[in-house]
């Protein structure tokens, strides 16, 4: 399993931003570590690298990509978004994390605005597991708590997930579809809500477990490759005259 | 119910094309008539009109749009596609008919390639109703026959429909998800497969009934309008310090 | 539209039970009134009537049934449950309200245990609309509040709904899939969570609106009736020797 | 992975029945072999054994059960069906094969009649893979052919699958949802259509691959176990007075 952990990596390099203290080596680093500990081959890629670190070669050698972006969605080049999109339809898995709800690639794959409500006061979030038999629920308790998170509230403007695995409760009164699975082409997409840059969410054991489980679930299979063409009849047909 | 029937309307104006004989007044005309007979207020709009006949005003006064395009998908301006997309997310219903599977608007709403297999030998199609309790099945038999149609075959690269209402059988050996319902934003989308321009499909009573039913199903509701914003707490929360 | 409002009607007839003060004429009465005001033809039926008020004739003349039960699920005869089940598969709509999650008919239609977490301290519930374009969302705000309700918490052991229309937030920390749509046979089922007998929930305007919308959505269509049989070939097949 | 392959095992023991020549050691035998070759620990169990071979101990040590029955569904004791049902909700996977569509356990888990159309003339079936990224599609071609099979035709009276993986085409004109995935409780269910007792279907490499894939997909996870109870508040709630 070869994973590319993609991160915008701007907040953390700004010494005045809280993220620089919580994630001094970048928000991608704890994710990279957790995936490596799970036995995966992991590389990081970030916005300010050439081609955002997502060359044709890197993507061709990526089974699953994870994506975190926030303030610089618009700086991701449309060309690279098309490249990632094509790879997902060809089978590469993708995890869109937290504010990646508004990334170009997520919106492209969803076809909707992907808008939502939000609030940044560091309130309590409870993530409830709804579909307990799903592989992304492996090893999780019935629910887990994040003591301080940004709130995301419904309506979340997404297509209904193929499988809804988790729902979040927020102290301030909102709910949110927090763990959403989709098939798109031959690829699989998992959206996972938590992960605001001013909280140590990506050090939380349950959050990391969900990400590891999500990557495993999104791994490419060996189902039939797409063949789209003018197809001769498989059965005898008297042609129309 | 105010419906706009959108048609590319190129094949039918080419006297050398079979469509000009089958649909001398355009493929939109039998659809317009069927919807009017069902008591709806219907206008037609076509590619070669200014703004493709889809001004802000027209769309603001459209409850449901039906879309047929084929050879000139690329000539539909991105600006108008964005306008239609926005209206769908705001609640306007949309029916994508046959080769509109490859239109910009359908691909935009699906997020996938929308590719498929095809064959143009005028073989027999049998459309089977799968979800009998769905309003789009109203008045239909268990299955109906189109004696000569273009074949569309799986895999059809779309997200799994929210509701799969119909599946087609083809004489040459293929199957196809023929009647697919989706919610997108506040809007509803129905994809309906039949309708190749060289066959009199849009004069078929069952096909017209599906289109009338589909328009009724896709009609805008009066559910809550989207409000996406920074939301103050609804419940008391001790703010994070 | 002919509706039968079914109620266990035991708590309300016990003068020592809070329900007798809140619903002196039975919990069915405000529901009956709301549906009548919406122009429907409504009758009530209760557990202690002969055949629980659900004779073959009553059911044959019912388009949609609503069901509320709680303490006496086991007293509903299996024979009547089979009768209702058969009618649902034949097209009759059904709304299962609150503690009907544990009724024989709901469990029969779901195939799962339909168990859940609960708590009776009269806490605040916020019902959030998730699928805003669905007819059951018509006329609703983005969310509405029930100041005092029993809590129902996930995991709710049901099959994933065909459409998830609403999710509830509870003051004490739980979430719940509160508005769940299913197709079963030719019939449609809507589960709606609120409605504990010790709170005046069925006088709430939003709750009543959901019930009216739900009944309309669940109304039988005119799709093809089930024909299950040994079917001769529709196409020529050289038989297997 | 511990698998129990359950078979009615009556047709094959009747020397006048074609099944006795095609499957002299029982229809379960090629399935048992294929699962063993895939590295699983497999036992067979049959109707005429005590407790149908499904003691509490056997089920407690079964991760996934496969089920084939046809003429003797009614002879399966309700007590054992309840036992299997309970185990599925607790996490055991189940594959229902072909005529098991009408078994007590499948109908119990579906909540519908599970009726369908059928025809026994040994016509050609083409099984098309629809969801190519699903693990059950691993290693399959876009479609595969069974030269002679019993036809099963829509409408198949089941709840819409959580994931529809395959659709069958039949020479005589019908279609069928052939590979259907469901979550039920903590368990997973896969229905797979082919497998009439008078054809050598369970020797077909693609069919066996689907069964092996299906068993792997249905394997129990380690998600949270069900806890249904009266739950104290997780958050402070001022109790209702």
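Observations on the structure shown:
Per-chain residue numbering starts at 1, and chain names A, B, C and D are given in the order in which the chains are listed.
We take it that a contact is a pair of C-beta atoms (placed from the backbone, for glycine too) under 8 Å apart; a residue touches a chain by one contact, two chains touch by 3 or more.
This is a predicted model, so every value here is computed, not measured.
Among the remaining chains, those touching chain A and also chain C are B, D. Taking each chain's centre as the mean of its CA atoms, A is the chain most distant from chain C. Between C-D and the choices A-C, B-C or A-B, the pair with more than half the same contact pairs by residue number is A-B. Centre-to-centre separation of chain A and chain B, using mean CA positions: 30 Å. The centroid of the Cα atoms in chain B and the matching centroid in chain D are 36 Å apart. The set of chain C residues that touch two or more partner chains comprises 124, 126, 129, 131-132, 142, 153, 155, 160, 162-163, 171, 173-174, 183, 185, 224, 226-227, 234-235.
Interface residues of chain A facing chain C in the complex, by the touch rule stated above, are 126, 128-132, 142, 153-155, 160, 163-164, 167-170, 173-175, 177.
Residues of chain B touching chain C in their complex: 91, 124, 126, 129, 131-135, 137-142, 162-163, 171, 183, 185-188, 220-227, 234-235. Chain D meets chain C in the complex at residues 89, 108-113, 115-124, 148, 151, 153, 155, 157, 159-160, 162, 171-174, 182-185, 224, 226-235, 237, 239-240.
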